[in-house]
Amino acid sequence: MKIGTVTGAVWSTRKAQCLQGQTFLVVDTMLGPVVAADQVGAGKGDKVLLVTGTVAAKFCMEAPVDAAVVAIIDQEKKL
Amino acid sequence: MKIGTVTGAVWSTRKAQCLQGQTFLVVDTMLGPVVAADQVGAGKGDKVLLVTGTVAAKFCMEAPVDAAVVAIIDQEKKL
Amino acid sequence: MKIGTVTGAVWSTRKAQCLQGQTFLVVDTMLGPVVAADQVGAGKGDKVLLVTGTVAAKFCMEAPVDAAVVAIIDQEKKL
Amino acid sequence: MKIGTVTGAVWSTRKAQCLQGQTFLVVDTMLGPVVAADQVGAGKGDKVLLVTGTVAAKFCMEAPVDAAVVAIIDQEKKL
Amino acid sequence: MKIGTVTGAVWSTRKAQCLQGQTFLVVDTMLGPVVAADQVGAGKGDKVLLVTGTVAAKFCMEAPVDAAVVAIIDQEKKL
């Protein structure tokens, strides 16, 4: 997974029907911004875990998404 | 997903039979141009959401495509 | 999908048995050369559409390939 | 697979329910840090093998993860 | 697929049980080193074809690997 920070959101009316009801967040990562389906109620400035690829779709009830926020990070610690 | 802008289209007659009927748009993203199957009727200059990988194929009735336009973005807002 | 240009080919005798009969083309893309199974009879200098990942394997009868040429591009047009 | 070094860990309470019980390590790779589900009991400074994508999820009982530590490297040798 | 050159190998005793019996080669590619399960008996200096992603796992009897050597290249020719 990648760590990212929620910085924005995206709205769309003309979209694949199976995307209805999904919330799309803009998450800034080290490799640039990613638009991800929110599954945990993340909000502005939250540090989150991002899952990408087929795994994300499976997690979003097979909606056509390739990125999903699966966790809000409480703490990141050097070992 | 990635955000991109529709800048062109691609035509082909010699192609995999299961690609018949698909419209292929050129979408400029931060990581360069991607050719994507259009599923929402996007046109020139539209800002769109791009899904890549196996998810895109599933969304295009299992056609051999690895990128699809799944939404036209109305609004992108900083939170 | 990515757009690329056919620049070469690759031969192998010691290979996975299920790769028998596949033609492997070297396709130059913006992100460097990719070796792809040819499914449309592409040749030198052809501008082609490249599909990558699991989708490519499915399209090649589940052979262990992760890239396939699925179309020869006739025309690419700015919209 | 990619080779990486375990440098940290990540904690989360608000997360996808199916992530319960997974340990998330921060693994530094040549392409930047990746957060991976630990499947072998890796710890600080361990050099590990990292699997990414759908394969990682399958290996973690279909949890929504896209990276997993599958081995601790004893030795890496030039041939 | 990517073309790479075998430059090393990796050993591990603490690993996922389903990785037993796999040989892991270090393959240098244009995008950096990749550790891949060897399926064709490749050795030092061999130029090989590398398959990545879910396809590689399927080819390795569903072992948790995301890269596999599927062919030793005899010849690469400009067309």
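We just call them A, B, C, D and E in the order they show up, numbering each chain from 1.
As a working rule, a contact is a pair of C-beta atoms (placed from the backbone, for glycine too) under 8 Å apart; a residue touches a chain by one contact, two chains touch by 3 or more.
Quick caveat, the model's predicted, so the values are computed rather than measured.
**Student:** Over the chains that touch one another, what is the least number of steps taking chain C to chain D?
**Tutor:** When the steps are counted carefully, the minimum from chain C to chain D is 2.
**Student:** In whole angstrom, what separates the CA-based centres of chain B and chain E?
**Tutor:** Using C-alpha averages as centres, the distance is 32 Å.
**Student:** Averaging over Cα atoms per chain, report the distance between chain C and chain E in Å.
**Tutor:** 20
**Student:** Can you pull out the residues of chain C that are in contact with at least two other chains?
**Tutor:** Expected reply: 53-54, 56.
**Student:** Under a traversal of the ring that begins at chain D and continues to chain E, how are the chains ordered?
**Tutor:** Sequence of chains in the ring starting at chain D, next chain E: D, E, C, B, A.
**Student:** Spell out the part of chain E that touches chain C in their complex, as residue ranges.
**Tutor:** Against chain C, chain E makes touches at 1-3, 30-31, 39-41, 49, 51-56, 58-59, 68, 70-79.
**Student:** Can you check the complex and tell me which residues of chain C touch chain E?
**Tutor:** Residues of chain C touching chain E: 6-16, 19, 24, 26, 32-36, 43-45, 53-54, 56-57, 62, 64-67.
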